[in-house]
Every structure is written in C-alpha cells, then in structure tokens.
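The following pair of complexes shares a single chain, subunit A, combined with subunit B in the former and subunit C in the latter.
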Partner chain A sequence: MAQVPVQTIHRDPQLFYWILFPITIVMILTGVLRHYASVLMASAPKKLDQKTMREQRALLHGINVRSNYHVLSKSSFTARRDALITAYESGDYLKDPDARGQPPPNPMSDPSAMEGMMGMMKNQMAMIIPNTLIMSWINAFFSGYVIMKLPFPLTIKFKSMLQAGVATKDMDPRWMSSISWYFLCIFGLQPIFNFLLGSENAANQMAQQMTQMGPQAGQMFGPGVDPNKQFLAEAENLAVIEHHSVLDGVEQRLLEGIKV
Partner chain B sequence: MPTEQELQISPIVQESLMHNSRILHNLQSLTASLFGVSAGILGLESYSGFLFYLVFSLLTAALFYAVRVAPTSLAAGKAPLDTSRYFKSPFEFWAGGLMNELAGFILTWTLFYGLVRA
Partner chain C sequence: MAPSLLRPTTQLSPEAALTLSQQAPTILRSSPSTVSSSALNALFASSEKPELWLQYENLILACLRTGDERSAHQCLERLVARFGPDNERVQALNGLVKEAEAKNNSELEAVLKEYDQILSENDTNIPIAKRRIALLRSMGRLSDAASALVQLLGFSPTDAEAWSELSDVYLSQGLYPQAIYAMEEVLVLAPNAWNVCHPTTAIARDLSPMLMQPVQIHARLGELHYMNATAPGAGSGSYQKSMAEAIKRFSRSIELCDDYLRGYYGLKLVSQRVLRDPGKPPVRSGDSEFALPDRSTIERLNELATAKLSEIVRRSTAQDRGWRGYSEAEIAAARELLSGDASASLAIKR
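Then we have the complex of A and B:
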C-alpha cells in the first residue's frame, strides 16, 4: 500500500499575528465583558410587601419543619404541625384571603411576572448579540485562510465544518480555517475564564445554557401558582409525617460506642 | 447505602460537598489546559496526545488522592482508594474531569502545536 505523503502547506507566519491572536484575544475579552455585563445587569431582588413576604415565609416554614422534623422532640413537632396545619387550612397566611378558591390571574397581565421574563430576555440577548457580531466579523475579515493544523486526524466528514470558505478538494481535513478556531475557542475557553474570573463566572454561554436548563429556584413563588393550593398540599405533607427523633435510642448507641 | 435514620444522625452537608467538587473541578480544568500546552510543545500527534492526556489526568487524580484525601480518609477507617469521605461518587473523582475538560485540552494542544510546528 502506497504511503500517502504528508501534506505540507507553507503559510505566512504573519497569519498567527494577524488572525490567530486577534480572534483569541477578542474571544477572551468578550467573555470578560459578558461576565461583567451580566453582573451589572442583574436586577436586585424586588422588595416585597409584608403580606407577600409572610405568605412565602409561612410556606417555607412548613417545608423546613417537614424536612427537619427529626431534630425536634415529639411534643414540639406535634405542636408545630398542628399550628401550621390549622393556619394553612384556614388560610391565615394568605396574601388576600378573599381570593381563595378563585382561579389565579393570567400570568401575562401581572406586572411582576413580566420582570422575570425581561431578565431571561436580557440573558438571551447578552448571549446572542456578541456571538452573531463575532461570527460576522470573522466571516468578513478572515474567511478563506488556512491557519492551523490539528494535531489529530479526522474523517472527511469534518471537512465542510473545519474548512468553511476554503474550497480545496484534496486538502487534509486536519487543516483548519479561522472560523473553526472560533468554534474551538467557544468550547475550550472555559478553564481560562475560570482562572481569570473565578469559577462562578458568567462568561461562557455554554455553561450559562446548562444552568438555564436546570430547575429554577424562583419557580416556587412564580406567577400563576395558587398559594392556597400550595398551602393545602403542604398541610397534607405535614399531616402524613410519622415522627421519629434522632435521639431515639441514643443511650443504646452511646453505650455501643464506648469500649471498655 | 446508609438508611434514612443513619443519614439523619450524621447528615451529609450539601454545601461542603459542592465546595469539594468545585475545588476538584478547578484543579482539573487548570491542569487539562496545562497538559494541552505541554502536549503541543512536545509535538504529540493523534493517539499519543490523547494517551498523554489520559495518563496525566489519572496521575493528577492519584496525586490529589494521595496528598489531600488519603491522610484523613484512611485515618477515618475507609478502604484505600475510597473517596466517599469527601466526594459523592468515585467516578466523579477519578474520571469526571476526563470528559469535561477535554475541550480545554484540545484548544491549548492545537494552539501550541500550531505555534511550535508552524
């Protein structure tokens, strides 16, 4: 079998200074900018009026009692449970007790609900706009250059992705054009942002998309959720707990732990 | 698997667990990039480069275990190579970084390979 000769392409070393470094530096700076933009744009949590706050805290109180019941003694747990269940079922903690049993208002008409959506829109925008700008910038200035060779072989399928804008049929798919360096930067710069901005940064759009997929923390008190139903469900949850304490049988455990 | 009551007697603190895995993640991402730099400077190609990454990532995990985890973990009566005192799953500790940080490795590998072999 004839050995395929290794392709060598003579490239101007200036390509590195005028294509590779500008793209890399712009990508890093965009990440830093995106991080600080999202820090600045983060809206402070809205101040809640007293009734709303009481409604939310009452529900959280119930949840905390339910998940930590094992540190309470039996009598103390029963007292808490009975008080909470009565209050939940009579609707003492509701923001407006008159609205019980009515369907929740349309979330679109609630002004406080619009705020959350605006926040999401802002995040999306902060991701989309820089990406489109940089993509078109690279396409306008640097398309058609072959700048680098990948250190590992690839199949022919990658040719159209890596060598966009370079119409050379027989070139090894290992050679890559400037746009594919841009894609490598999108995926691989996260460690550098970690290093520069700390690991809680918002620089990388991929990581941000991951967190948006996750469950939203504010969902519990979101618009369109009927607090009365939440209270009733929580009352039911509390009612079915079979209480036991961590201190049950503690003497036995202590004696087992003592070695004579 | 501990029962519910055992978990309540000696609870697992989520914050500490997250802190541990964040430290591990930081170390892994930093070292993956540095391995990329060294693989590029050495001029490794295809399989030898990935093998280099695999070997050195495992070595990092082993060193991390030996230096930070082993002294207290062994003293607490855990078996050798058992990381359950500080981390949720052994897979996360030994191989979690391999896939997550591959992109960073490839980026710096390509960059330095290109710079050195231009």
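Then we have the complex of A and C:
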C-alpha cells in the first residue's frame, strides 16, 4: 500500500494570533468572571432558628445512638432508646407539632425552598449565558476555520470531535477547527482556573454538573421531606436494635491479650 | 513535640503556651495586617488561607493565658477586620478577651449582661452561649451553668463538647449519675475520640493543668463509676453495678491503648477495693446489668495492673526509649498507689 502523502494546508500564520489566542483568552476570562460573579451572587447560608435546629439535631442524635449503641451498657442504652422512641413518636421534637400528619407543603410555596431554587437557578444562568454567547460569537466569526494541526497522529474517530463545523471528508483528523478548540477549552481549562483562583473556584462547570448529578447530601433536611416520617422511621430503627456492648467480656479479652 | 499554633492550645502546658505567645510579635509582623480579597492581589500575593485565621485564634488564647494583652488585641482586630464584628466566633473571642481583662466581679457581670443581650437577639448563637456558660461557671454559679447547658443541649443534643462540660459541672456538684449519663452521651457522639477536655472553660481554669489532661473517655467513665460507687449513701446494689462497670470501662480503655497509665491505675484501684471489701459476695442480678466478675478474675486483673503499673513507673523513671511522655504527676500518683499496696501486704505478712 502506498504511503499516504502528508497533507499540507497552507494557513495564514495570523490565524494563530487572531483566532486561537483570542478564543483561549476569552475562555479564561469568562471563567474568572464567572467565579467572581458566583461569589458575588452567593447568598449567605440561611440561619436556622432554634426549633429547626432542634428538630434536625434531635434526629441526628437518634442516628448517633443507633450507630454507636455498642459503647453503652445495656441499661443505659435501653433508657436512651425508650426516651428517644417516646419523644419521636409523640412528635416532641417537631418544629411545628400542629402540622403533624398533614401532607408536606408544596415546595414552591415555601419561601426558604424558593430561595434554594433561586440559588440553583442563578448558578445555572451564570453557566448557560456566557456559554451561549461565546458559542454564537465563535460561530458568527470563525466558523469553518481550520486553525491548527496537532503534533501527533490520530485515528479517524477523532474527526467528529476535532473538526466540528468543517465538513470535509478526507482531511486528516489532526487538523482542528475553531469550534472544536472552543470545546477543548471548556473541558481542559480546569487546571488553569485552579492555578489562578485556588482549588475551590466556581469557574468550572464540569464540577458543578457533577455535584448536581451526584447524590445530594443536603437532601436529608431538604424541602419537601416530612420530618415526622423521618422521626417515625428512626424510632423504628432504634426499636429493632439488638443490643450488645463492647464491655461484654472485656476483662477476659484483656487478660488473654496482655501478658506481662 | 513542638507546640503548634494550628492545633488547639487548650491542652498545652503553661510553658508551651508561653513559648507560643512569645512568638506573637513575630507572627503579627510577618503576616500582612489586612488580607485583600480582590482579584488582582490574589494573582500576585499569597492568597489567604484558613490556617492564618486559626493561627490568630490560637494566638489569642495563648496570649491571654500569658497576659500579653496587646498582641491578643492585635489578633482580634485582624479577625474583626476580616470577618466583621457580627461573626459568631469573633463575638465569642471578643467576649473572651473582655473576660480576661475584667478586674473584678462587676466587670464580669457586665460581660455576662452583654452575652445575654446577644443571645436575646439570636438564640442559636452557640459560641456565645458556650462562653456564657463558661463565664457562669468561672463565677462559681454552678447550678446556673448546669441549667444553661441543659437548655443548650435541649436544642442541640449533638454537641459533644457541651455534654462533656455538663458532665464536669455535674461532677463538681457531686451528682455522679447525671455526670455518668452526660459522659455516656459524649461516648455515643464521639465513640472514637481519644480525649475529654473542656475547651469552653479552658481559659477560666488554666491554673489547674491536671484538669486539662486529656483523658480517654472510657477511663473517665470508669472514674465516674468508681466515684459513684464509693460516694457515701450509695446502695449495695448500685455499688456492685458501678464497680463492675468501672472495672469494665478501665479494661476497655487499656484495650484501646496499651500501657495507658490512667487505665491501669483505675483498674488497680477498683480491683483492690473490691478484693478488700469483706462480706459482699457478687450478686447476680439478672443478665441485663453488668455483674462483677468472679474473684479469681479480679485477682488476676489486680495482678496485671500492679505489674504493668510498676513496669511503667520503673521504665518511665529510667527514661527508657518509648516510655517517656507520661505526666510527672500521674507517675507520682502511681508510685504512691504501689507503695501503699506494698506496705499493706507487708503488714499482712507480719
């Protein structure tokens, strides 16, 4: 098979200064701006009032007792369990004992829940708006440009990734179009932001998407969760524990384990 | 180990606190007095780190202990400049400085009123609530401190620090069962924690370093049970039970930490006492309670504790490698316990 001749495309060297460079700079600057915008827009964490705090921590307390019961002696564990179960089932710890048994309020009507959603919306907006703008800017000015040649060979599969917007069949995948450079910047600038803004920056959209998709830790006390149901479930969890203690037979273990 | 400003300074010996506070002028000079959070500076200057603020906080504590109030004020000013005077932690530190500078009781009362004022505006300000409790305690109003603690724990029952403080307050009032309950709560909340110390009141009581020796929770519970058992007015049934649990707790503390002096000390003390007590056969009272182990086991435990204690005392006095770091006072107490034991056995032989 004959050697495929190396493709050469004569590009204006100015392409480098007028397309590749500006796109990169603009991407970095938007990242930095987005970071500071989200810092500015972030609302301070909302203060819990005493009753909410009591409700949440009482539940946590029950969970602690349930998971660490083995450090207690049987009598003190039973005393705690009885007290907790009674309080949970009678709804002592509830923030609003009158609302017991009623369906949870619509999260849309709860002002605190609204605030959380607004925060999420703001973040989304801070991500979507600049991306749309830059994308349309690139499309309007630089669509169809081939701006650089990667210094290493690639297989044909990379064609769709690297040559978006350049509809040619036979071009070597090493050539790269401007819109592809933009995508590469979106995904690859994280280390630069880390360097510029510190590791906990808000510029990285990938990280944000990850947290949105991942399991939500804050869901436990989130809006729309009925605390009464949580308490009842916890009471049940406590009730089924079969108690044993680390203190059972500890003297024997000690005498066997330590030799003088 | 050199004292570090990044770790809580409450457990430091007075000497270590002094060395720390003597570094204060150098640290204050070397770090910038204000940290700008603007973008340009962040690119060129070193960015602010949480460690810096932690350092200031610990520096304040160390400086107040050693009486260097000027440096304490400087640190406080920087914290205020960064976090604002309304930050809860800053408020607590501010109160702490005022408490330390109060000359007499009426000034302390004024600080207390200020705390009440802050709490009436924001009743979930936990740092201030804790300062208030510590202040009440250091003013000698123990029952007020206890009720304030109970109130705090009423809405925040997952606060191990407050439980530990409550246990200590109850202990100083002689309410052993309550102290035991509170200490058990600490154990439930922090089953893997090593030490029980009392950070909220550390400043108020820094004159008694023995109190701030970190104690393993199990050993501490053992001590509480022992005190409960030997307190006047303890019934025979509860005596048995408390002694049994004390033995178990001390054993557990040794199981968790080899060569734990305080655990062995307690084990020896309790087993000795049980062995010497005449005419109290172990009562088996249902399987829900802990019962005292049989006599031969207690004897073996006593022997083990005696042997280990004397080994620790011997090797620590000889400064063997790996046996340093025991506190002087604890070693002395162990030696005393052992010598008392020896003279008693001599007397029996005669």
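Going forward, the second predicted complex is superposed on the first by the 209 of 260 C-alpha atoms of A that agree within 3 Å, B and C clash if a C-alpha of one lies under 4 Å from a C-alpha of the other, contacts with A are read in each partner's own complex, and residues count from 1 in each chain.
To be clear about the criterion, a residue touches a chain if its C-beta (ideal position, glycine included) is under 8 Å from a C-beta of that chain, and two chains touch if they have at least 3 such contacts.
Quick caveat, the model's predicted, so the values are computed rather than measured.
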**OP:** Check the residue A:Ser73 against both partner chains and state whether it touches subunit B (first), subunit C (second), both, or neither.
**Re:** second
| task | Using the touch definition from the top, say if A:Val246 reaches subunit B (first), subunit C (second), both or neither. | result | both
- request: Quick one: classify A:Cys185 as touching subunit B (first), subunit C (second), both or neither.
  value: first
Between subunit B and subunit C, the one with more contact residues on subunit A is chain C
Q.
Under the stated touch criterion, which partner chain does A:Lys47 make contact with: subunit B (first), subunit C (second), both, or neither?
A. second
Practice problem: Determine, under the contact definition given at the top, whether A:Phe16 touches first (subunit B), second (subunit C), both, or neither. | Solution: first
Subunit A positions within both the subunit B interface and the subunit C interface are 246, 253
As the complex stands, subunit C meets subunit A at residues 39, 42-43, 47, 122-124, 154-158, 181, 184, 187-189, 191, 245, 247-249, 251-252, 254-255, 258, 288-290, 293, 297, 300-301, 304, 307-308, 311
So, in the complex, the side of subunit A touching subunit C is made of residues 32, 36, 47-51, 53-54, 57-58, 60-61, 64-65, 68-69, 71-76, 78, 80, 196-198, 246-247, 250-255, 257-258, 260
Counting only contacts in the complex, subunit A reaches subunit B at residues 11, 13, 16, 20, 24, 70, 147-153, 184-185, 187-192, 194-195, 199, 244, 246, 253
Subunit A partner, complex, touching residues on subunit B are 5, 8-9, 22, 25-26, 29-30, 32-33, 39-40, 44-47, 49-50, 101, 103-111, 113-115, 117-118
